[in-house]
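The block underneath contains the structure these notes are about, expressed in structure tokens.
Chain IDs A, B, C and D follow the sequence of writing; residue 1 opens each chain.
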Amino acid sequence: MNSYIKDQIELFQERNQNRGRLLVSCPDKPGIVSTISKFLFSHHANIIESSQYSTNPEDGTFFIRIEFECPNLKEKAKDMEHQFAELAKEFSFEWKLTHVYNVKKAAIFVSKELHCLLELLWEWQSGDLMADIALVISNHEEARDVVEGLNIPFYHIPANKDIRAQVEEQQLQLLKDYDIDLIVLARYMQILTPNFVAANPNKIINIHHSFLPAFIGARPYERAYGRGVKLIGATSHYVTNDLDEGPIIEQDIGRVDHRDNVDNLKKIGRSIERSVLARAVKWHLEDRIIVHQNKTIVF
Amino acid sequence: MNSYIKDQIELFQERNQNRGRLLVSCPDKPGIVSTISKFLFSHHANIIESSQYSTNPEDGTFFIRIEFECPNLKEKAKDMEHQFAELAKEFSFEWKLTHVYNVKKAAIFVSKELHCLLELLWEWQSGDLMADIALVISNHEEARDVVEGLNIPFYHIPANKDIRAQVEEQQLQLLKDYDIDLIVLARYMQILTPNFVAANPNKIINIHHSFLPAFIGARPYERAYGRGVKLIGATSHYVTNDLDEGPIIEQDIGRVDHRDNVDNLKKIGRSIERSVLARAVKWHLEDRIIVHQNKTIVF
Amino acid sequence: MNSYIKDQIELFQERNQNRGRLLVSCPDKPGIVSTISKFLFSHHANIIESSQYSTNPEDGTFFIRIEFECPNLKEKAKDMEHQFAELAKEFSFEWKLTHVYNVKKAAIFVSKELHCLLELLWEWQSGDLMADIALVISNHEEARDVVEGLNIPFYHIPANKDIRAQVEEQQLQLLKDYDIDLIVLARYMQILTPNFVAANPNKIINIHHSFLPAFIGARPYERAYGRGVKLIGATSHYVTNDLDEGPIIEQDIGRVDHRDNVDNLKKIGRSIERSVLARAVKWHLEDRIIVHQNKTIVF
Amino acid sequence: MNSYIKDQIELFQERNQNRGRLLVSCPDKPGIVSTISKFLFSHHANIIESSQYSTNPEDGTFFIRIEFECPNLKEKAKDMEHQFAELAKEFSFEWKLTHVYNVKKAAIFVSKELHCLLELLWEWQSGDLMADIALVISNHEEARDVVEGLNIPFYHIPANKDIRAQVEEQQLQLLKDYDIDLIVLARYMQILTPNFVAANPNKIINIHHSFLPAFIGARPYERAYGRGVKLIGATSHYVTNDLDEGPIIEQDIGRVDHRDNVDNLKKIGRSIERSVLARAVKWHLEDRIIVHQNKTIVF
């Protein structure tokens, strides 16, 4: 890692040594907020930002995200987790307590087109995307120079459908070695097996180059051109085993007209893909996303 | 028609008595612009605005829209048409010469939801949509009061799939009686037969409540909610016999999030539908649209 | 009021008879959320939606908006208010507890241009804007027909700067008679006196036809045209005694280009003004806005 | 220059060896299009794209941009220029005839913040911005590594207001040495003298970090935060001697809310600045912009 980025991460850690985040979802009933806020108060935590949402009565699920400052969080984090686990049983909480100090470790997968990777790397360099980008894996060589130029390990693992199993074995080993929290498919043009996906639930973010569910599958820009649409889009989503059917995190669009051929659609699309993927990754890193029934709540 | 609107139309006609528009498409080759502009110059016409576009070499089609001022256009229009028809043979032009003075006659079809109709009527009242709205046809009674309040004839023609043939016969007769140039389906929830569509090629504009080709068919908001999209949209298109597959004129989107239930999607969507349909209708009225191979060129 | 709208309001009231909203701002310190949620729980209230925000450490102000369901709220509302008032003293809360059942009473002020008024009336008719529009006041006659057509009282009070004092006296009396909660200036082209504004703090919403702070004051479209901007905008804000300097609630923009003359800017602008004002009014009606140091927090 | 980029430029030149662009503005009168298109036809040029615009009657100025294919343009370009110059006298044309083959030479000026520079370099590398980026000049060292890494000459010329004259002398000499067509101020935080500006009329493109005319001058994000705006923007414009008052080429905005502090505004703003500047530079490189009375026509 560059020393400049290392400095930035250390500065971030110093500023966030007492910052925590609590995500909870559970069956809705009165008293949940009261219980959680009492718990935090008992640890002298001050709530900085909180967002809550409940589904309609039929479903009746409650979601909350709380960001808090807690003195000596580093020392107390384990204790708090244990205590909260007790509470969680009582209320059937699904929950996650994160310490912002622990910067998430990310792996980026990329093929030949580099625009999404480059966007992530720039935002990372400028301090706008707080992750430890631990490695980049590619089935091609195009990204090597820029990645190694930033002192990030680059692994070239050629891939095709005949060798998928052994390729993924290698990849999974690397993810384990580097203790990866998040996998970003930054235009990685290989399909992942159910095995790989199952090993990383809600941890793989993909960018699809259309406003899903329009143009599921291959060659969306060509098909958008063929249909004569006036808007093209991009969609970031968690990867599930249904192709392009995972929970949508973010979407955006750009305007096109009759003068734009397929190449232009791709150019315009690249800029949409870049920002849509970067937003989704940031939200994930900031623990803003809860997945519920193949949809996302983004706080 | 209200006297206020009548006054507006008369003012518009007075201002545009010498204003013409020429739309041409043809196989591309050198000399077309030169030929057309020479023709206009020979009639002392001054080109006010012109837009031109050629497809890629493979297809090789040329499109142009010219708006011009021509002294005594009213008297000369017929002559110009005859002369241009000769030219058109030579160059295999498909073409249309319109005299802006002749305000287009529109029929609006509507069912129970009135928001698109109301938008069109407001823009019409405020002078932003220059048409002669000659009649409104509905399979329900909801729109009667507002339509008749503006002194526009309202025809209630109940409809369902069993009586489609006789319903359309009535409708076609009315369109003929009123000499209609444009049919706007402002959330008209009945399917038109191939017979009706064939009688009105590129003259029927529909609003579909999704960003096509996502959510073709019925209940798009329910399906958008089910899929957990972050954007919803609307699409205006010319009607062909393939459901929701006609040439797209305009699309737009609005942002939604996890808090929005189906009812909210519909509310947000109504506002998108209104503006998307109004823009498409305006462009049609201003002769800005050329249909080519199931796509639109919008100048 | 139309019987149709009356029915809608009654339906809304029935659905919301147990729905309350609590808005609180106070100096930040640990324990606030815990205290408030404990209070609500003690009244068997279930939190449906809650948003919280704290300013940066220097300022140290805490804001929260909670929407809750509370059995028998109608009967308990007074009691809850009294009890919460005690709590509020302890924590120096500024607060507001509203019962959604009590639909807010609004007055709309308008001059000659009707597009903003019409938008509000339409959203009101369609049930998207839940208020009791109790009266419309205008210094012109243009709006009378449409307002009276909906059975809303219309008051024509001619105004100019020489008779401002007596005009406002009349207006204030009407606002009192109708027990008005919210005044919407829907393109009302008269300046209000400090006296009038002081009598209605954070209760007057205006729409300014530019993206403030660009083009403060008169004739913004003319000046936008003169400057050659590529975007025009509109801004809704609470009225203070500094012209166009009050807390901004919402802004939006539209794209324009060199072909658009002042008239076109106005047409495009009208559509932006309509939606920006409608959004601001809705957020106010839903108690989503807290004003703090000449800015708005919109939850 | 990188060999990869060199290859791209050569490919572009090969594809565009017969491609020309003609920009004309003149007092409006009938026959101009006819004359110009006849001229092009006489050289066997085929019009690929043309856009035309006339101001309102009072001003009466005519503008046209034509892109054409002309066999053997390289050989004929000089001749065509001479002939067109004759025509131009007759009609009082202001005009420019460019040969797309001659890729424009650009200099980028930058200070410490690199996001705009990086965007331009990335779009350049990906072939989306067709220029010969001949050199980068900076008053700081931050950009050196990335610029020299792409084999672009980097000149570090420290600058402050006391040494402005000699700094600009150096800069102007470099612009002359490299035969520069376009100067891009990619967040260059020094004011240029009237002398420098006069030497480069309509050749210097700046990015201002607000939606002008809001927040002219220094620290726009701080002032936007202070005012509590709900949108922030960026503006690219040609530089004149009136600070931030030059002809606007492009503007765009992003949404912000009460949670965004000044740092967040800057982050969000960076992404807007990047795309707004890149679009303006592209349009300039494609000869799409005509400046008229401190406004731009962008075809």
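Annotations
FYI, contacts are C-beta pairs under 8 Å (C-beta built on N, C-alpha and C of every residue); 3 or more make two chains touch, one makes a residue touch a chain.
Here is each chain with its UniProt name: A, B, C, D = Formyltetrahydrofolate deformylase.
Everything quoted here is computed from the prediction, not taken from an experiment.
Here the chain-to-chain distance from chain A to chain C, counted in touching steps, is 1.
Distance between Cα centroids is largest for the pairing of chain D with C.
For the interfaces B-C and A-B, the C-beta contact count is higher for A-B. Each chain gets a centre from the mean of its Cα atoms; for chain B and chain C, those two points are 37 Å apart. Chain geometry summary: the mean Cα position of chain A and that of chain B are 43 Å apart.
The residues of chain A that reach two or more other chains are 49, 53, 259, listed in rising order.
Note for the complex: chain C touches chain D at residues 53, 56, 211-215, 227-231, 233, 247-253, 257-259, 261, 294-298.
If you check the complex, the residues on chain D that touch chain A are 49, 114-115, 118, 122, 126, 128, 149, 259, 267, 270-271, 275.
On the side of chain D, the complex with chain B involves touching residues 28-34, 37-38, 40-41, 44-54.
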